[in-house]
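Each of the next two complexes has subunit A plus one other chain: subunit B in the first, subunit C in the second.
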Partner chain A sequence: MDETVAEYIRRTVLKIPRDEIKSMLQKWGFLSEKQLQTINFHQIKENVSQDVVQLCEANSADIKQAAVLDIIYNHIYPNKRVWSVYQMNKTGEETEIFDLTDFKKKFKRQLQSALKNVTISFREYEDNAIWIRIAWGTPYKKPNQYKTSYVVYHSQTPYVFISASVLKSNLPLLCQALVLASNYHDIREMELRSHSLNSLKDIVFKRYSQNFQTYHPRPLQERNVAPESTDVRIIQENRNEKERIQRVNREVFGDGPQPKLEFAQYKLETMFKSDPKMDVLDKKEPFRCLVKFYSPHLLESLKALAPAGIADAPLSPLLTCIPQKARNYFKIREKKGLFPGSFVSP
Partner chain B sequence: HLATSLPLPSERDHLRPRIDLIVFMIDIKSKYSLKNVEASLAHVDASFFLGKVCFLVTGVGRMNYCSVEMNAVWKLGEVYGSPVLFCELELEGIRVATAQRLLRMLQICAGHVPGVSALSFGSLMRNSVDD
Partner chain C sequence: GRALAVPTDRGGLTSAFPLAGGSPGKMEEGKACSPDGVLAHLEMLEARAHEAAVKQEEVEQQEQKLARLKARVQELRVQRDELQAKVDLQEKGQLGKEGVVSNPVQPSARDVLEWKIKSIKATLQIFYLTGISGKLTKRGVCFCISTAYEGTYLDSYYLELLTKPEVRIHRHSVPIFIPLEQMAKNYLQTDIRSFLSVLSDHLNAYVGRRYQADQLQEHFSEQIEGTLQRNSLCNLLVFNYNVSKKSKSFPFNVRLLYGDLCCSLPTEVIVSCTPGSPTSLAETAAAHSDLFRRVALHKAFLSFSSAEEN
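On to the complex of A and B.
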C-alpha cells in the first residue's frame, strides 16, 4: 500500500471521535467485521489508527477507498466546513430525467480533461443527495488529498452546496463541470454561506417554519403566551407591550427553530448622512462601510433581541429577511431617483 | 409591580395600589439599562426621593462584563439622594439576602415599622455610605 495512502487513512481516523470510530469503519465497509473485531477501540486513538492502517495494508487499500472514508467523515461532520450555496438555471421547460451514471461520467470527464491529476469520488445518500469529493492536483503534481473540495448536489433541485477549500482558483472549473454534467445552462452563487449544511438546506428548501402573515389587525383573544410567573403577587405593568413584542416576533420568525447561520454581512455603499454643519466629507461620494454580525446562532439571537428588551420590535427587515431571501451577504446602495433612501441589490 | 420603564402605562392606573418604594434596577452589563433608568427618573414625583427610591445594581458577580461606569452609578445615587445597593441575581444566597433587605426597606417606607420613617432611614443609609 502506498505510504501516502497509509498516512492519509491514519490522519482521517485520528479526526474521528474515539467512540465513533468503530461505527464509521463499519459504514465504510472496507474492513470486514472479523477484522474490526481484532481492534481494541478502547486504547488511545494513536494506537487505534495504527491498527486500522495495518488492516488496510492487509487489504491493499488504495486512495479511492481512503477517499470514501473521508466522504463518510464529512457527511457525519459537515459543520467543520464552510458551505456556500449555488443555484443552477436552465432556460426552457425541458424536464429531463436525471441519470446518475451519465452525470458522474460527464462530471469526471470535464474535470479530468482539464486537469489530469484529480481524485474524484462519489457517494449517494437516501435523500437524493450526491456527495462529490475532489482532491485537486495540477498537470505536474499529484492531487493533494488534504486540500479537498466537497460538493453536495440534490439532483431533484437546482441547488448545489459547495465547500471549496483554499484552492479557489479551481472553483470556475468545478462550476462548469457541474453545469455541463447536470444539463443546466449556468450557475450562480447565492450569497448564502454557513457552517451548518443542514441549515442551508432548510433555508433553500424552505424547510424551516415560516411566518404566516396574519391579517387580523387586533390580537387574538386567546393567550398563547404562557404567563411568565405563576405567582399572582407579581404584576407586569408592561404586559401588553410584552405580548405585542411576542406576537410581532412570532409573526416575523415563526414558531419553530431557526436555521443556523454564523454571520450576516452588509456592505454599505450609501451616502453618509450627517448634519450639514458638520461637513464631515468634502466629496459627495458613497461612504463605504462593512457591517458584520457574528453569532454562534445568528437567527436565534436576533429572535431573542426584542423580548430581551435590547431592540425594538419589529426588527429591521434587513435582518429579518435573511431566511426568506436565502442570503446573508448584502450590498446596500443608494436608491437612485426622487426619493433618497437605500435598497438592497439583488 | 414590574415595569420596564417609566412612566407606567396609564391604562392600569385604576388597578394600582399606593406605591411605597421604587427600586431602579441597573444591569451592570448593559449601558442601555443605565440610560433607561436615567430617562425613567424624570417621571418620578419629587416626593419619592425622600427615602422611597433606591437603586439596585445587578450582575456584580461578573465584573469582567461590566459596561456601566461605576462612577456614573455613584453619582446617580448622590444626585437623587438615594441609596445604591449591589447584588448578583445568579447566586441564590445573595438574591435572598437582597430581597430581605428590600423587604425591610419596604416595610419602613410603608410605615409598618414604628419609630422609623422612610426619610430617617434614607438619611441613615446615606450617612453610612459617606463614612
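On to the complex of A and C.
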C-alpha cells in the first residue's frame, strides 16, 4: 500500500470522533466485521488509527477506497465546510430521464479529458443525493488528496451544492463538467452560502415551513408555552399587542423550524440621507457601507426579535425575504424615485 | 444478457402465462413422436382449461355483483318514494300518525349553529379529499393539492397565486424537479383549471411512482440484488432481482422507464436475463416485462412471488 494512502487514511480516522469510528468503518465496508473486532476502539485515537492503517495494509487499500471513507466522513459532518449554491439553466422542454450511470460517465470523461491528474469518487444516497469528491492535481503533479472539492447534486434539479477547495481556479472546469453531465446549458453562482448543507437544500427545494393559508387545518405542533400566571392581580397590559406580534410572526416565518444560516450580508450603495442643514458630506456620492448580521442560527434569531420586544413587527422585508429569495447576500441600491435629488432641501 | 425489448403498443388482453400455442405443427409432431410430447400437450390443455374456468368464474362473479347492486338500487328507490310521499303529506298539512313526530322540538340557536359548523367542516373535508382545494387570500388564492395513490393519501402541496396585475405564482411547496415553470408558462395565464389539472396529474403520478419504489424496497428487499437505482422523479428504475427467494443463481435485470410524467406505469420495460440462464427463463422474463407495464411494481412482485409459492 502506498505510503501517502496510509497517511491519508490515518489522518482521516483521526478526524472522526472516537465514538463514531467503529460505525463509520462499518459503513465504509472495506474492513470485514472480523477485522473490526480486532481493534480496540477504547484506546487513544492515535493507536486506533494505527490499527486501522495496518488492517488496510493487509487488504491493500488504494486511494479510491480511501476517498470513499473521506466522502462518508464529510456526508456525516457536512457542516464543517462552507457550501455555496449554484443554479443551472436549460431551455429545452424535454422530459428529464436522468440516468445515473450516464451522468457519472460524462462527468468523469469531461473532467479527465481536461485534467489528467484528478481523483474522482461518487457515492449515492437514499434521498437521491449524489456526492462527488474531487481531488485536484496539475498536469505535472499527482492529485493533492488534502485539497478536495465536494459537489452534492440531486438528480433532475437545477441546483448544485459545491464546497470548493482553496484552488478556485478549478471551479470553471468543475462547473462545465457538471453542466454537460446533467444536460443543462449554463450555470451561475447564487448569492447563498452557509455551513449547513441541509438548510441550503431546505431553502432551494422549498422544504422549509411556509405558512400557507388553508381550510384544512394541519395539526399544530406542541409548543412549550410557559404557564400563564393564575394570579388575578396580575394583568397583561399588552396582551393584544403581544397576540398581534405572534400572529404576524407566524404569518411571516411559519410554524416549523427555520433553515440554519450563519450570516446575512447587505452591501449598501445608497446615498447618505441627512438633514440638508447638517450637510455632512461635501460630495454627493454613494456612502459605501456593509452591514453583516452574524448568528449561530440567523433566521431563528430574527423570528425571536419581535416577540422579545427588540424590533417592531412586521420586520423589514429585507430580513424576512431571505428563504423565499434564496439569498443571504444583498446589494441595496437607490430606489429610482421621481425626484432623484429629493434629499436636497426644497 | 439477452435483452428482450418488448414494444410498447402491445394492446389487448394478454395473460401472464405464456400460451404455448405457437405452432400447431409442433404439437402434431409431439403427439406423433413420443409420450413426453403427449404429456406436455395434456399439461397445456389443462392449463387452458384452468384459465377458462377462472375467467368463467370472474364473469359469474361480476354478474352476481351486478344483480346485487340492481336489487339495492330498487330498494333505495322504494325508500325514496316512501320518504317523498311523507314529505308531500307534511307539506299538505295532513299529518298521519305514522312516521311523524307528534311534538316537533324547535332546535335551539346553538344547535343550529353547531349543525352549520359541522356541515361546513364536512364540506371542506370533502373538498380537501377531492384532491384540489383552495382558499381566497388577501391578494389572491392559495391552492392545496393533496395526492393519493390507490387509496393511500400521500403528501399535500401548496401553491399561492397572486391575481393582480396578472396571475402569477407567489410561493409554493412543489418539489423542484416537477416542471412547474413550464406548466405555468403554458397554462397559468389562459386556463387555470387546466394548469391545476396538469399539475395535479404530475404530482399524483410522481407520488405514485415513488410509493411503488418505496414499497418494493420495503417489502421485497430480499429479492433485490444490489442497489435499486432511482432518481428524484422516480421515472427511471434500474435494478437486479431474483424471480424467487429460492433460486438466486440467475437474477433478472430490469430497466423501467416512465416516459410519461403524468403516468405511474412505465412506458418502456426491458427485462434481461444473465448470460447462461436456462432458456425457460426467457419466457418468464417476457412475462414479467409485460406484467410490469400493466401492473403496479409492488403488486407485480407480489403476484409472481405468490405464484412461485403455489
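In the analysis below, the second predicted complex is superposed on the first by the 314 of 346 C-alpha atoms of A that agree within 3 Å, B and C clash if a C-alpha of one lies under 4 Å from a C-alpha of the other, contacts with A are read in each partner's own complex, and residues count from 1 in each chain.
Note that in this section a contact is a pair of C-beta atoms (placed from the backbone, for glycine too) under 8 Å apart; a residue touches a chain by one contact, two chains touch by 3 or more.
Keep in mind the model is a prediction, meaning the values are calculated, not measured.
Asks: For A:89 in the superposed arrangement: first (subunit B), second (subunit C), both or neither?
Replies: In the superposition, A:89 touches no partner, neither subunit B nor subunit C.
Asks: Just to be sure I read the superposition right, which of the two partners does A:159 touch: subunit B = first, subunit C = second, or both, or neither?
Replies: Touch partner of A:159: subunit C, not subunit B.
Asks: Quick check on the superposed pair: does A:205 touch subunit B, subunit C, both, or neither? Answer first, second, both or neither.
Replies: Second partner only, subunit C.
Asks: Which partner does A:316 contact after superposing on A: first (subunit B), second (subunit C), both, neither?
Replies: In the superposed model, A:316 contacts neither subunit B nor subunit C.
Asks: Check whether subunit B or subunit C contacts more residues of subunit A in the superposed model.
Replies: C
Asks: When the two structures are overlaid on chain A, which partner does A:4 contact: first (subunit B), second (subunit C), both, or neither?
Replies: neither
Asks: A:43 contacts which: subunit B (first), subunit C (second), both, neither?
Replies: It touches nothing on subunit B or subunit C.
Asks: Contact residues on subunit A for subunit C in the complex?
Replies: Subunit A reaches subunit C through residues 93, 95-101, 124, 128, 154-159, 204-207, 210, 212-216, 324.
Asks: Which positions of subunit C touch subunit A when the two form their complex?
Replies: Listed in rising order, the residues are 124-125, 127-128, 133, 135, 137, 142, 144, 146, 156, 158, 160, 171-177, 179, 182, 227, 229-233, 235-236, 257, 259-261.
Asks: Can you tell me which positions in subunit B touch subunit A when the two form their complex?
Replies: That would be residues 1-5, 8-9, 11-12, 30, 32 of subunit B.
Asks: Could you pull out which subunit A residues touch subunit B in their complex?
Replies: Where subunit A meets subunit B, its residues are 234-238, 240-242, 309-310.
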